[in-house]
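Notes follow once the structure below has been shown.
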Amino acid sequence: MAVYQTSDLTAASFSVALFGLAATTVLLMLGSAWVGRKWRLPVALCAIAALVGIGSVFEAREAWLAGQGVPVVYHYVGWSVSMPLQVMALFFLARTAGRLSAGLFWRLVVVSALMVFVRYLGEAQFMHPTLAFLIGLVFWLYLLGEFYFGRMDDVIRSSTGDYLRRGYFWLRLIVTVGWAIYPLGNFLTAFAGMTDDGSLSIAYNLADILNRMAFGVAVLATAALVTEETAHA
Amino acid sequence: MAVYQTSDLTAASFSVALFGLAATTVLLMLGSAWVGRKWRLPVALCAIAALVGIGSVFEAREAWLAGQGVPVVYHYVGWSVSMPLQVMALFFLARTAGRLSAGLFWRLVVVSALMVFVRYLGEAQFMHPTLAFLIGLVFWLYLLGEFYFGRMDDVIRSSTGDYLRRGYFWLRLIVTVGWAIYPLGNFLTAFAGMTDDGSLSIAYNLADILNRMAFGVAVLATAALVTEETAHA
Amino acid sequence: MAVYQTSDLTAASFSVALFGLAATTVLLMLGSAWVGRKWRLPVALCAIAALVGIGSVFEAREAWLAGQGVPVVYHYVGWSVSMPLQVMALFFLARTAGRLSAGLFWRLVVVSALMVFVRYLGEAQFMHPTLAFLIGLVFWLYLLGEFYFGRMDDVIRSSTGDYLRRGYFWLRLIVTVGWAIYPLGNFLTAFAGMTDDGSLSIAYNLADILNRMAFGVAVLATAALVTEETAHA
Amino acid sequence: MAVYQTSDLTAASFSVALFGLAATTVLLMLGSAWVGRKWRLPVALCAIAALVGIGSVFEAREAWLAGQGVPVVYHYVGWSVSMPLQVMALFFLARTAGRLSAGLFWRLVVVSALMVFVRYLGEAQFMHPTLAFLIGLVFWLYLLGEFYFGRMDDVIRSSTGDYLRRGYFWLRLIVTVGWAIYPLGNFLTAFAGMTDDGSLSIAYNLADILNRMAFGVAVLATAALVTEETAHA
Amino acid sequence: MAVYQTSDLTAASFSVALFGLAATTVLLMLGSAWVGRKWRLPVALCAIAALVGIGSVFEAREAWLAGQGVPVVYHYVGWSVSMPLQVMALFFLARTAGRLSAGLFWRLVVVSALMVFVRYLGEAQFMHPTLAFLIGLVFWLYLLGEFYFGRMDDVIRSSTGDYLRRGYFWLRLIVTVGWAIYPLGNFLTAFAGMTDDGSLSIAYNLADILNRMAFGVAVLATAALVTEETAHA
C-alpha cells in the first residue's frame, strides 16, 4: 500500500470519504432494524448505496495512489449502482405514504441507470460528448420533474405525517443540489478538456459526503421520527 | 491492483457487475428476514448465488487486468455453484404452493450442475466440443421442460396466489432468455474459434445482471408481495 | 493473484470447492436460525466446518497457483479442525434423541483429532509412515464402530422420529464412504511414493464437496424436517 | 507485510490499538442489542467510532512499517470521522434524559468536524499553523462549554437516574482529559517543528485507547446499568 | 503468500491455531445468543478474545513465513488484549452468582494488562529482564490469589448451581495450568537466551488452543448448562 503525505489533500479526501461511508453503512444497517416495518427497505437501500460507495472510493484511492490521476470511470462505476439505489430509496420512502405504480418504479430505476451510463459513454468517447451530456441532462431533469411535480410529490403532499413531508423536502433538495455537481463535472471534463489533477476527485468526494452520507442519515432520521410519531398516535 | 482506464469497457462492466452483485447480496440477505417463513429459503438461495457471483466476478476482473484476457473457466466456476442454487430457489419457490417430490429436487440440481460441467469439459478440450455442446443443450432443454411442463408448473397453476403465478412466469422467462446467452457463448468460443477479447466477458456480465440480480430481486419482490397478500387474507 | 487457464482442472476444482464452501457456510449459518432450539448447535457446527474449509482451500489454491504442487499439509490443517467439528455435529444430532455421556463426546473429539494428527506425522516423516497409517486406520475404525454399534446408534434407533433415523443413516454413510478417501490418499502418498501433481488435490476437493457440503446440507435438511414434524405433532 | 521487531515499541502500540479497537467494536456492536431501545443509538455510534479507528490505525501502521514515519494526516483522517461520532454519542446519551434541540445537534457535529479539519489545514500548511491552532482551540473550548454549562448538562442534572449522571460525569472527563492530547500534539508538531519519530504515534495510540475504547465501554456500561435500573423501577 | 512445506511443523501449528480460533470465534458468537441474559457477556468476551487471537496468530504466521523467526512481540500484542478479556469473562461468570465490586473488576483488568506489558518490557530490554520477570510473576500470582481465595471464589462457593461451581473449577484450572506456559517461555527467552527457532511458537500455539479455545468452549458449555438448569428449576 502506497503511503500518502499530509499535504496530499486528494488522498485525504478519499480516506475521509472511505471511513465516512463505512460509518454510514454500519449505522444504516443497524438502523434498518430499529425502524417500522415499511421503513426498513428505504433505509436498507441507502445502506447498500453507502456500501457500494466504500468499494468504489477504495478502488479510486488505489488508482490515485498509483500516481496517474483517477480515471473518471471509477466514479461512474460507483454511481451506476448507487444512484438507482437512492432513487429506489426515495420511491419506497414516498410509498410509505400511499400507493405508487410499479411502472413509475421501473421508469425511475431505468432512467437513473441510463443517465449514468450515457454520461460514461460520453466521457469514454464512445458517444459524442455533447450529445451524451445533453441526454444525461434530460434524464436528470426527468428525475427532478418526477420528484417535484410527479405522483410521488402528490402522495407525500396528501400524507398526514409532518416528519415525512419535511424529510421528503430535504431529501429532494439533497438530490437537486448534490446531484448537480455530476453534470457540472461531466461538462468540465468533456468540454473544457479538464483532466483530473485531484481537485475533481475532491469535489466528487465532497459530493459523496452530501449525497450518500447526509442522504442516508436523513432517510434514517425521517424513518425513526415517523416510526416514533406513529407509535404515539 | 492494476488501474484501468476510462475507455476499458470490459473492466468497467466487471466493476459494475461486482458492485451490483454486492448490492444484490446484501439486499437479499436482509430481505430474507423480512418475508414469511416459507419464503426465507428461496430468497436466501438467491442471495448466496449473488454472493458467489461477487467472488467469481472479482477473480475474473483480476485476470482481465492482468492483461491476457479472461480464461473462460472463471465464468464456469461461478456458474457451477450459482446455477444449481438458482434452480433450487425456483424449486423452493414452487414448493411454497404445494408438495414436490425430493426426486425432482435432486434431478434439477444434478442436471444443472452437469450442464455447467459438461460445457466446461468441452471448452477445456477434455471432451469433444460438439458433443459437450449438444449434451449441455439437452440438459438445458430438460430444465426448461421441467419449468414449463413439469410438476412445478402444475403446482403453481393450481395455486390461488396471483402474485406467485406472476412471479413464477417472470422468473421462468428470465431463466429462458437469460440463460440462452450461455449456450450461445459456448457455441461461439467452441466452434467459431472466438477467443475472448473482452466483448464476450461484457456479454456475460450483462447476462449476470439479468440472471443473478434481476432474478434475485424478482424472487424477493414475489416473496414480499405474497407475504403481504397472505397477511391480509 | 496468479491467473489460471481453462485447462487447469486442479485450479478449477479448488475454485469450485472454494465458492461451494462459501455458499454452504452462508446457507448453514442462516439455516441455524431457522431450525428448532436443539438443532441449532449441530447445524452451526457444520457451518463452521465449512467456514474453516474456505480458509484451507483458499490457501491450498494459492500454493497450487504458486506452481510447485500443493504440500499435503494444507489439506491436513483443514481436516484437523473440520473433522472433530463434524464428529461433534453428529454427536449433538444424536443427542437430540436422547441422553449421551460427556465421556463419549470427549472420546469422539480426541480420537478424530488424533486420527488427523497421526496421519500428518506419517506424511511429514516425523513418524514411520506405516505405523502412522495403521494407527490412523484404527482411530477411523473406532469412530465408525461408535457410529454403527455404539451408544449413538442405540439412541437413534429408539427415537420415534422417522426423519431423524433416516438423516442419521445418510450422514453415517457419508462419513463412511466420504472419509474413506483420506486413508486411501494417505496410503498412496505414504507408500506408493505418489507426489501430488494435482490429481490428488482434485480427489480431495471432490471429497470435500461430499463431506463438507453434502454433509452440512443433510444435517440442515434433517433439522428442518424434524423441526417441522415436531411442530405438527 | 513487513515484519516488525520486538524492540519497535511504536509498531507494538499500533498493533495493540488495532486489536483493542477490533475487540471494542465487536463488544459494542453486540452490546447495542442488549440495552434498552433509547440506548441502542449511542452505543452503536461508539461502536462505529471504534470501527473507523480499526481502519485508520491499520493504515497508519502500514505507513509506519513502510519506514518513513507516520504522516500526521493518517491520524486526522480517523479523527475527522470518529470525533463527530463520539460527540453525537454524548448528545444522544444526554437525550435519553430529556428533549434536546436539533440545532444543538448540528452545532456539535459541525463544530467537532471543523475542529479536526482546521487543525489538519494547519498541519498541512494550507493555513497558517498559529491561526489554525487557535481556531481549533476555540472549537474545542466551545464543545467543552456545551458539555459543562450547556443544555446537555441541564438535562442530565435534572434527570432522576443516578447511573446516568455518574456516566455522563466520567464520559465528559474522558473527553476533557483525553482530547487534550490532540491540541497538545498539534502544538508540538506545528510550532516546535517536531516530526513524528514514532513517539507521537505512541502517544496518539494511548489516547485512542482512552478516547475510543474506554469511552465506548463507559457508554455501554452506563447504558446497561440504566437499562437494568429502569427495568427494576 | 509464501508456501510452507509439509515438514514445517511451526507453520502447520500456526495454521491449525488460526483455523481453530476462527471456528471458536464463530461458535461463541453464535452461542452468545443461545444462552441466558446474564451469560451473554462472558461468552461474548471469550468470543472476542478468540477473534483477537485470529489477528495476532495470522500476523505471527506471516512473520514466520517471511523467514526470520517470530519476534516475540507478536505473541505479546495478542495477549495484551486477550488476557484482560478472559479475566473479565471469569469475573462476569462469577458475577452471575452474586454481587462483586467494581473495584475488583478494575484491579483484575489492570493487573492482567500490566502483567503482559511488564513481561514485554523485559523481553524488549526496555526494563531489566529479571525485574520484569519477577514483577510479571507477582501479578500472575495476584490473579491466581483472587481466583482461588478472593471474593469471586466466595461467591461461587455460596451459589446453588452445580454446573456453575464445576465450570468455575475447570476454568480456574485452565488459567492456572495454561497460563503457566507464558512465564515459563518468558523465563527461557529472557534468561536462557533462547531465540525462537519455531519450537517456542509451537508451544505458544498449543497453549493458545488450551487457553483460548478450550477456555471459551468451557464458558459456553457452562453457560448453556446453567441456562438449561435454571429453565427447568
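Things worth noting here:
Order of writing sets the chain letters: A, B, C, D and E. Residues in each chain are counted from 1.
By our rule, a contact is a pair of C-beta atoms (placed from the backbone, for glycine too) under 8 Å apart; a residue touches a chain by one contact, two chains touch by 3 or more.
Since the model is a prediction, treat every value here as computed from it, not as a measurement.
Each step here moves to a touching chain, and the least such steps from chain A to chain E number 2. Superposition of chain B on chain E using C-alpha atoms only gives a rotation of 145 degrees, nearest 5.
Taking each chain's centre as the mean of its C-alpha atoms, chain B lies 28 Å from chain C. Centroids built from CA atoms put chain C at 46 Å from chain A. Residue positions of chain D touching 2 or more other chains: none. Passing around the ring starting with chain B, then chain C, and so on, the chain order reads B, C, E, D, A. Note for the complex: chain D touches chain A at residues 32, 37, 40-41, 44-45, 47-49, 51-52, 55-56, 59, 62-63, 66, 68, 71-73, 76-78, 80-81, 85, 120, 123-126. Per the touch definition, chain D reaches chain E in the complex via residues 1, 3-9, 11-12, 15-16, 18-20, 22-23, 26-27, 30, 34.
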